[in-house]
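Read through the structures below before going on.
Presented sequentially are two complexes of chain A, the first with chain B as partner and the second with chain C.
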Partner chain A sequence: MMNLFNNILPQDRKIKDAQMRATINQKLVETGERERLKELLRTRLIECGWRDQLKAHCKEVVKEKGLEHITVDDLVQEITPKGRALVPDDVKKELLQRIRTFLADQSNI
Partner chain B sequence: MTMGSCEHLQEYKATHGTNSFRIIHTYFIACSSADARRRKAKSCVCHTCRLHTPRLHACLHCIYFGCYGAKHIHEHAETKGHFLAVDMVHGAVYCFECGDYMYDEQLEEIARKQYKKSKKRLGSKTTNFSSWEPTEVEIEILRQNPKRRKVEMKSSIGLRGLINLGNTCFMNCIVQALTHTPVLRDFFLSDQHSCQVQSQDARQCLVCEMSRLFQEFYCGARTPHIPYRLLHLVWTNARHLAGYEQQDAHEFLIAALDVLHRHCKGYSDDILLSYNSQLNAGTSDSNGSGNPHHCNCIIDQIFTGGLQSDVTCQQCNNVSTTIDPIWDISLDLGPGPPPGGNSNSNSSPNSGFSNSPGTYEPTSLLECLKRFTKPEHLGSSAKIKCSTCGSYQESTKQLTMKKLPIVACFHLKRFEHSTGYHKKISTYVSFPEELDMTPFMSSSRNNTNGYNNQVIQESSRGLSCDNKYSLFAVVNHMGTIESGHYTCFIRQLKDQWFKCDDHLINKALVGDVLNSEGYLLFYHKQILEYD
Partner chain C sequence: MDNKNNHSQQNGDIGLQGMLTDVMNELIDEVTLGLCFDIHRASKIGTLFLGDTDPKSQREYEIVEKLGVDVFGQVPTKKQFECICPNCQRNLAASRFAPHLEKCMGMGRNSSRIASRRQARIAKETETSSRSTTLGKGESDDHDSPDDDNDVDWSYNVDKKVKKLKKEKLLTHSPRRNKHNKFRNGSQLINDNSSDRSGTPEPTIPSYELMTVEERKRLLLQTCGVISEHTKKMCTRSHRCPQHTDEQRQQVRVFLLGHANVEDDVHIDIDSLDDVDNQSLREALQWEVNSSASSPTDSTSTNNSTSGTKKRPPSKSSSSKNSNSKKKKSSKHVSNSVSNSHGGSSNSLTSSSLYDFE
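Moving on, here comes the complex of A and B:
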């Protein structure tokens, strides 16, 4: 699907990407697949210890900043980069594969 | 940061109630109907920039969705004076006056109910984990007992030697294995047993004795424990084990589990009957004894697995299936035909295996399991009457696991008792630290092969984590069949192994464990799901 967009200007490409992302997201939500994928992702991230690692990191951040002054935004800012980096490659691959399969099924309907 | 609500949220609730929150949650956060999902898919975009961004918030005062990252919802709050918004992913309420998320009991309850509904609609088999909240009684107990024990890596809590009361090493090893079974330990240490034994002397209940035993193991005492009461209770309840001669550890395990299971009684017979009929896939030759293994006691919850036996009629290919509850898997060692060989119609009178008698001896647990689950051709001397074609035909029988227990105990049959002939098979059988039972499940069953090579490859990619086990205890027998001694290895605190030799407890290396002979192997499921 991505090959079709190779001859397009970068700014248009950005818009097209956003549109496609929105469409895919819509389809995922409508069919309930998004929730199922979330469930799968949650399981995988717990299994590989990602959740525990990040939880520990959160605790450190809270200790640093102090329980009185910390806000959710602080935590989000602190742990988002680490969280993104720590997701194992095979988890990413698996989710991607599931989404691809889903899209393929959708286009067959 | 506050763990509770704020005055602004309280004021809002007083004037507007919880309806807007409920509606937003039902339609846009945790949808429980296809219609709601469609609506969500179409409208979950920011009203300002028309994009679907990760942290959308819904205004609680009017109909407006805005991005958090691009601050659109912040602008809305400022300009309209609407200071409360809901995060549309998690359902958390943000107060712009206070600058952080606020937590209100009532709204949380609404959200919880919605999530449960939505999960059910999607067909999810699990429920979300919710942390333990102590009850009033428990809070009081905690307050009255302020001493806390912190378990650190060097802690030896849970380790205690057991005095040998005269060839009772077979019992000591099983006790060590049971006291180090995590789920069982948690059951007893959290005081879950309420005694149902209708006896004047409550000390007759073996489960109560187990409970006391766990207390002895985890109280921090360093001197070995003398389990004379336990021994006495086992003798009175399993008379075939009474006496000071050396007994079989495996027999003791089964007897102990049986007595514990019987003494756990406190659940109605209705549960027994309905579960019994559920498990048996409707065939004529069901296990008629009204199986006592189907209650809901902790022993059954932990140890009971379902062994499926499929008998295929060679004439009409009709498959007759029965499922038997089992507490352990006994594996044959010694020579036999190799697994994966093709079946032919010759029958060997002694072994019941129809393939050419081979000198194949399994040298690993996996090979034992492969042999165990391989289809075997029941010879012409063991014809079974087929219910479909109505005649006596030769058939093949295959065993697979239908339901896996939380704790799987493998029994390597090292002791041979034929008439006037007793021998111990001491061949080395290797066993892994981690075991994947997927190839041996009924769902992997293939009619002609026994197991499918492809399935093993798939399982190694980790697609089914439900069937993965970790080794946590090994019982070993040293010596001959006439005189021998039992010791065991147990695992503690994730990766520390200890050797238990009656009253002597020593640190051990995982290499020692894996190189030991192995008689009883205890594996624990890696991932537990909440029903």
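Moving on, here comes the complex of A and C:
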């Protein structure tokens, strides 16, 4: 798969990227690795207190917007960037490591 | 050419890294979305702010996350709580409250044990004091210094009381007591337990002088009696105590009673009963009756051995006497070992040299 990157044109690159992304996702889902990764991520985030932090932030947002008029989209818009930022680095590293290992196994098989 | 390759290779790697990060971000977003759904549902059904109190108490009871302090903000030292006993109205520490209450109210195993033992001791005290006073008067002629005898009896009783008190303390089963006892010499603990029956403490060499021959005989009959080198005390274990040999026991008896009792070729007649023996037999039985009248907590070994202190003619006889009295295991063993030391005279129950106190 990596050989494709030699002597490649930018526009082709984009297509190739998209293709590759799709392939990766497909592999993850097919093998069930994606679900496992998601479970692992959930556990780690609860352990490190990320969930409680974010929940407190949500409550603030709800208080701000008003309990009656809050919508899911409001929440998603407010929370998602904060959520990404609050994830601790070691959790991120662990997850990346697992994905990389998974891909390496996939190319070997 | 190479540069371009490297460049695109690096780009590829960066691209791969970027892809991995994208995958991760997607996962994070999905988890966040799950949380949002949770919160939105909670807000709509009204449970979102259910667990919150007013702002004032919320600030007051917030979880403390400092170093050296627990979550309540308290320093983790042990606080002693004091309580007042409802029975005797005393201020007590909380950890000592339960045992104190047990004793104070007189309920519970330990306190009843102590009470019954106290009763037994008092009964025995009155019994032995009455007995020993008569004894002291009777035997004063036989000994060198009558004054000393009276002193001996009196001080012996006092010592017994003191020792009994100490022994009771040692033998209580409260955890604090046993903690000290655990690390003491094992034989000493056993000695204390066994000698509780006979009521005799571990005598030291100087105290032998104070004791009458009678007491020494009694001691040596009941116990091993070997004087230990380093503590200068008599061993109060039974005759079978594995630490000392029969030779040692014999040595001690020679030392204490001051005469050698070696006999050779003693013919021991088990079953015959001479006329001579009747007198001593009757005496022995009387003695036995007297001692059995004392506290029932005494073991039968005490009763039996006292019967053995009576004077007997050296050769046979005591066999028949003993065959009438209760057969005690230790006496049998001792007589066996004694007979062995005499070149295996026979398997009678006589007490030739060790117990021949003439």
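As a working rule, the second predicted complex is superposed on the first by the 97 of 109 C-alpha atoms of A that agree within 3 Å, B and C clash if a C-alpha of one lies under 4 Å from a C-alpha of the other, contacts with A are read in each partner's own complex, and residues count from 1 in each chain.
As a convention for this text, contacts are C-beta pairs under 8 Å (C-beta built on N, C-alpha and C of every residue); 3 or more make two chains touch, one makes a residue touch a chain.
This is a predicted model, so every value here is computed, not measured.
Enquirer: After the match on chain A, would you call chain B and chain C a fit or a clash?
Expert: When both complexes are placed onto chain A, chain B and chain C end up clashing with one another.
Enquirer: Have a look at where A:72 lands relative to chain B and chain C in the superposition and call it first, second, both or neither.
Expert: both
Enquirer: According to the stated criteria, A:20 is in contact with first (chain B), second (chain C), both, or neither; which is it?
Expert: second
Enquirer: With the two complexes superposed on chain A, say which partner A:105 touches: chain B (first), chain C (second), both, or neither.
Expert: Neither partner.
Enquirer: Of chain B and chain C, which one contacts the greater number of residues in chain A?
Expert: Ranking chain B and chain C by residues of chain A touched puts C first.
Enquirer: Counting only touches as set out at the top, which of chain B and chain C does A:55 meet: first, second, both, neither?
Expert: After superposing on A, A:55 lies in contact with chain C but is clear of chain B.
Enquirer: Is A:45 touching anything from chain B or chain C once the two structures are fitted on A? First, second, both or neither.
Expert: Second partner only, chain C.
Enquirer: With both complexes overlaid on chain A, does A:12 touch chain B (first), chain C (second), both or neither?
Expert: In the superposed model, A:12 contacts neither chain B nor chain C.
Enquirer: I'd like to know which partner A:80 touches here: chain B for first, chain C for second, both or neither.
Expert: After superposition on chain A, A:80 lies in contact with chain C alone.
Enquirer: Examine A:64 and indicate which partner it touches, taking first as chain B and second as chain C; both and neither are also allowed.
Expert: Touch status of A:64: no partner.
Enquirer: Kindly point out the stretch of chain C, out of 3-11, 75-83 or 147-155, that overlaps with chain B after superposition on chain A.
Expert: 75-83
Enquirer: Which positions of chain A sit in both the chain B and the chain C interface?
Expert: In chain A, residues 21, 25, 28, 67, 70-72 are touched by chain B and also by chain C.
Enquirer: Which positions of chain C touch chain A when the two form their complex?
Expert: 4-5, 8-9, 11-12, 15, 19-25, 27-37, 39-40, 43, 48-49
Enquirer: Residues of chain A touching chain B in their complex?
Expert: Going by the criterion above, the answer is residues 18, 21-22, 25-32, 35-36, 39, 43, 47, 67-73, 90.
Enquirer: Spell out the residues on chain B that touch chain A in their complex, using ranges where they run on.
Expert: Chain B residues touching chain A: 1, 31, 34, 37-38, 40-42, 44-45, 51-52, 92, 99-101, 118, 121-122, 124, 462, 465, 527.
Enquirer: So in the complex, which bits of chain A are touching chain C?
Expert: Chain A residues touching chain C: 2, 5-8, 13, 17, 20-21, 24-25, 28, 34, 37-38, 41-42, 45, 51, 54-55, 58-59, 62, 67, 70-72, 75-76, 79-80, 83-84, 87, 92, 95-96, 99-100, 103.
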